[in-house]
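I am attaching a structure below and will ask some questions about it afterwards.
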Amino acid sequence: MPLIVAGVAALVAALYFYGTTQIFVSPFADPAGPRAYPYLLVALMLVGVVVLSLEHLKARRETATAPRAESAIRWSPLLPVSAWTLVYILVFEWLGYPLATAIYLIVLMTVFNPGKHRTNLAVSLSFAVISYVLLAVLLGAQLPAGHVVEALTNHFRG
Amino acid sequence: MRTIRKAALMKAALLGAMALGLLVVAPAGAAEWKPSRNVELVVGAGAGGSIDAQARLIAQAIERHKLIDTTMTVVNKPGAGSSQAISYLGGHAGDGHYITLLASSWIGTAILMNKPNTFKEVTPLARLFDVPLGFIVKADSPLKTTKDLAEALKKDPGAYRFAISTTAGNNNHLAVLRFAQLVGVDPKKVRVIVNDSGATSLTQMLGGHLEICVCGIGDTQSLAKAGQIRYLGSLRDEPIPGFENIPTVKSQGYDVSIATFYTMVAPKGVSPEIVGYWTDVLAKAIATPEVKNAAEQLGMTIERVDAATTAAFITNEREVTSKRLGEFGFVQK
Amino acid sequence: MSAIHYILQGFETALLPLNLLYVFVGTLLGTILGILPGIGPVAGIALLMPVTYGMDPTSALILLCGMYYGAQYGGSATAILINTPGEASSMITCIDGYQMARKGRAGAALAVSAWGSFIAGTLSVIGLAALATALSKLALSFGPAEYFGLMIFSLAAVSALSGKSPGMSIIAVVTGMMIATIGLDSQTGSTRFTLGLQDLENGLAFPIIAIGLFALGEVFLTLEEKSQGKTEIIKLSGSTWMTREDWRRSAGPIVRGGVIGFFLGVLPGIGGVLASIISYATEVRLSKRPQEFGQGAIEGVAGPEAANNAAASGSFVPMLAMGIPGSVTTAVLLGVLIMFGIQPGPRMIDDNPGLFWGLVNSMYVGNVMLLILNLPLIGLFVRILYTPTGILMPLVLVFSVIGIYATDTNVVELEFLLAFGVLGYIFKKIEMPIAPLVLGLVLGDTLEKSFRQALILSGGDPSIFVKSPICLGLLLVSLACFLLPVVLPLLRSREIAESAENA
């Protein structure tokens, strides 16, 4: 595992290095310039990679037994939840906070708090509405009402 | 139970249809325009900064004095020197319900970042506040006039060190470089550092780490009154009303002046009626006592300039700034 | 002589029923806002400003100060309960505070946070009143070179946190620093690593990274555990309050944290985050059981909490004594003062002693009110932990989204928030140490900027770092910090070898 981390870190260093070469240096730049520090960081990152690799090799030499089972990265529920959250974020402004949040919460709760449908529904709806009222209306925080709700409220406000 | 629910549902559906229908039929705007729903006053900066404070003041004044019939909310779209706010406007072309207060850096940023289309995205409404800036030194500095500074720099361009804020390549920065040019010194040899805020520059100067700040004159009054700092000159064409004792740098022989101003703009494509409406409302808003008072306290001067003059002013600023930024090689390819 | 008179008068003002009401409202509102990740005192003050226009200046300040302190505490509460730093400076509290909560000691964590903040806050208000002028001179003596020295020192101080894997720590710090370089370069305006996105031109806002890594990362982890069937029912062990043992262990960290936080807070631009990190590192170094840190050591909560509250008070020093704000929050407060026609500065203490002392005393009263308000709330807060995971975790997700969206209304930021959430989960799995990463993030900017500014000011001459006594001193201490762990074992093994030879 540490070798994978070292590998990724080295890759990051390489990408970052490339990014640094793309930085525009104006003729008015200071003696150090905008590229100096990033180059330094690349060097330091590589130092870290080397140290980590050495550590790992030393540990492997010292312990003849198999390395302890580290917790593996599991892709579920990470990916489905992330994907659903991404959907939430993308429709957030269009659908409006109260509606989007309610739907988002209901689905998540149904998956992770199974069987308690009434509780889930109650909590989701009340949280969405109450937080919206508290924050957007009372405290003036900027939460989108969404085009649907806006249309309705404008009609009733006339 | 079932039948009552069904009736309620029917009612809701009908109301919904009515609402949507009304949207379609809504009047498209007669000769005079007025906002028909909530107006967003977009601020190109984060909550709590001075621009945000001014925006909220204006919104407050408008609401308190009922200058418009609908509500007004302040929306922050900070980032990228007002570019985020302008991008946001881009999604509401022609809609008079969105006006934006921009800091003057928006012009410089658009040029620096090679985004010339920015200028087409907005319709200028009014130029509202001016923040007069000046060259500030510590009270015990051997420099007494701008000429002293010029002489010293001619002998050694690195003799006196400058601090500006808030971004590299902005008007403050250009002023220092232009000044160096006028004095006859290679601007590249002048030592200028860039800080996040004027406050940091002042602290560094008072601590003796550098000698000259380019900062606002209004918000440094207390330090001046306490005898800690002095103004070498103000960077304006005319002396500042209320601060006539500070000579302009221009009057001392070096034609450098910066405008740090706040502009109110609307999205592109808004009708002349919309422009007329807002310039009217804004003129009334900045005449209210709260706004006048606050501006005074913050050392800003109020300008009541109409849309056409503002547009011309912006075009001029754009030309001058383009030229300078190009000269000094700041523009990123 | 007359100072005592004013102090008493100040208390009279601060204790007026109306002002007490304002303190209460302020701290309550502040706590609520602090709980929301990403929304902090700045937003709260900005929102309350219109309300304060009709008020008496001292009352308005009392209200706003209450809010400032309240927000600090609210941020700590969420850090402990749901690993969500409500305030940037609560990040370090997450590390041990959340672990304490998982072990059933949430009550003690919240209590030590409240008490630590109170004690340190009180001490620093006294420090503020007594040392304002002297301290502002200290603040002034820190220019770019000195800040550079301080940043190097911070790196050295935190190297104690490298734990089992120095290699990982180095990678963590550098990662943090790399992330910090995203955006416009401060001295030249060049875009760096913005991937062509306008949204990245100002860099990645701190809360996005902090909340993504801490809160969302933890949510993903917890949801994974739940889906694995590893549901942990957190039983409250021991009392909800602090035991004598807790007090014994926390006393030192609180005092040390308070001192560290106060002096660091006085320096403009240095805030609660750095103060809390340094305090944490100090406690790790001084502890006889350093391996407990990261698993729920109460010192890891007491010290940083004291530090960040003291830093908040310390940041008032430059504002009041010189009229120069040292942090975003004090800048906003300064704006409010100016709106009221009061110009803080060297003359304020002389010209307007009534206001100065009224303000100082209201800060003290604010601290007390915070304690009174929040200790009872601990019982309430702790109940949150009883919420079923399947309900709490989605709510935390929404919370985080609200917090980030409400400040900048930018959906792209939400996407980055999510990305950092995934990263946070991955980092936890590969055991990437979080504290060094956070440090790299916080320090990175200032480290580079102060170095370059110092070089500009000296015209490219690097001796500026050595010519400044403060900078030189800090650099030498840092060198010692870095070398000691390497040199000491060498010396010891040589001693052992020598004594073996002589025997």
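Chains here go by letter, A, B and C, matching the order in which they are written, and residues are numbered from 1 within each.
The definition used in the following text is that a contact is a pair of C-beta atoms (placed from the backbone, for glycine too) under 8 Å apart; a residue touches a chain by one contact, two chains touch by 3 or more.
Owing to the predicted nature of the structure, the values given are computational and were not obtained by experimental measurement.
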Distance-to-centre winner among chains (Cα means, whole assembly as reference): C
Of A-C and A-B, pair with higher C-beta contact tally: A-C
Cα-centroid distance, chain A relative to chain B, in whole angstrom: 33
Chain centre separation in whole Å, for chain C relative to chain A (CA means): 22
Chain B: positions in contact with at least two other chains: 75-76, 330, 332
Overlap residues in chain C, where contacts from two or more other chains coincide: 43, 47, 185, 187-191, 409, 456
Junction residues of chain A, two or more chains touched: 24, 26, 28, 140, 142
Complex interface listing, chain C residues touching chain B: 42-43, 45-47, 49-50, 53, 139-145, 184-191, 198-199, 201-202, 268-269, 318, 322-326, 328-329, 331-332, 335, 338-339, 341, 343-348, 407-410, 453, 456-457, 459
Complex interface listing, chain B residues touching chain A: 16, 18-20, 22-23, 36-38, 73-76, 177, 187-188, 328-330, 332-333
Sites on chain A touched by chain B in the complex: 24, 26-28, 140, 142, 150-152, 154-155, 157
Touching residues (chain side chain C, partner chain A) in the complex: 33, 36, 39, 43, 47, 165-171, 174-175, 177-178, 181, 185, 187-193, 220, 223-224, 226-227, 388-391, 393-395, 397-398, 401-402, 405-406, 409, 411, 414-415, 418, 421-422, 425-426, 429-432, 448, 451-452, 455-456, 460
Residues of chain B that touch chain C when the two form their complex: 46-50, 52-53, 56-57, 60, 75-81, 83-84, 87, 112-113, 158, 161, 167-169, 191-194, 196-197, 199-200, 202-204, 206-210, 219, 221-223, 225-226, 228, 290, 294, 297-298, 330, 332
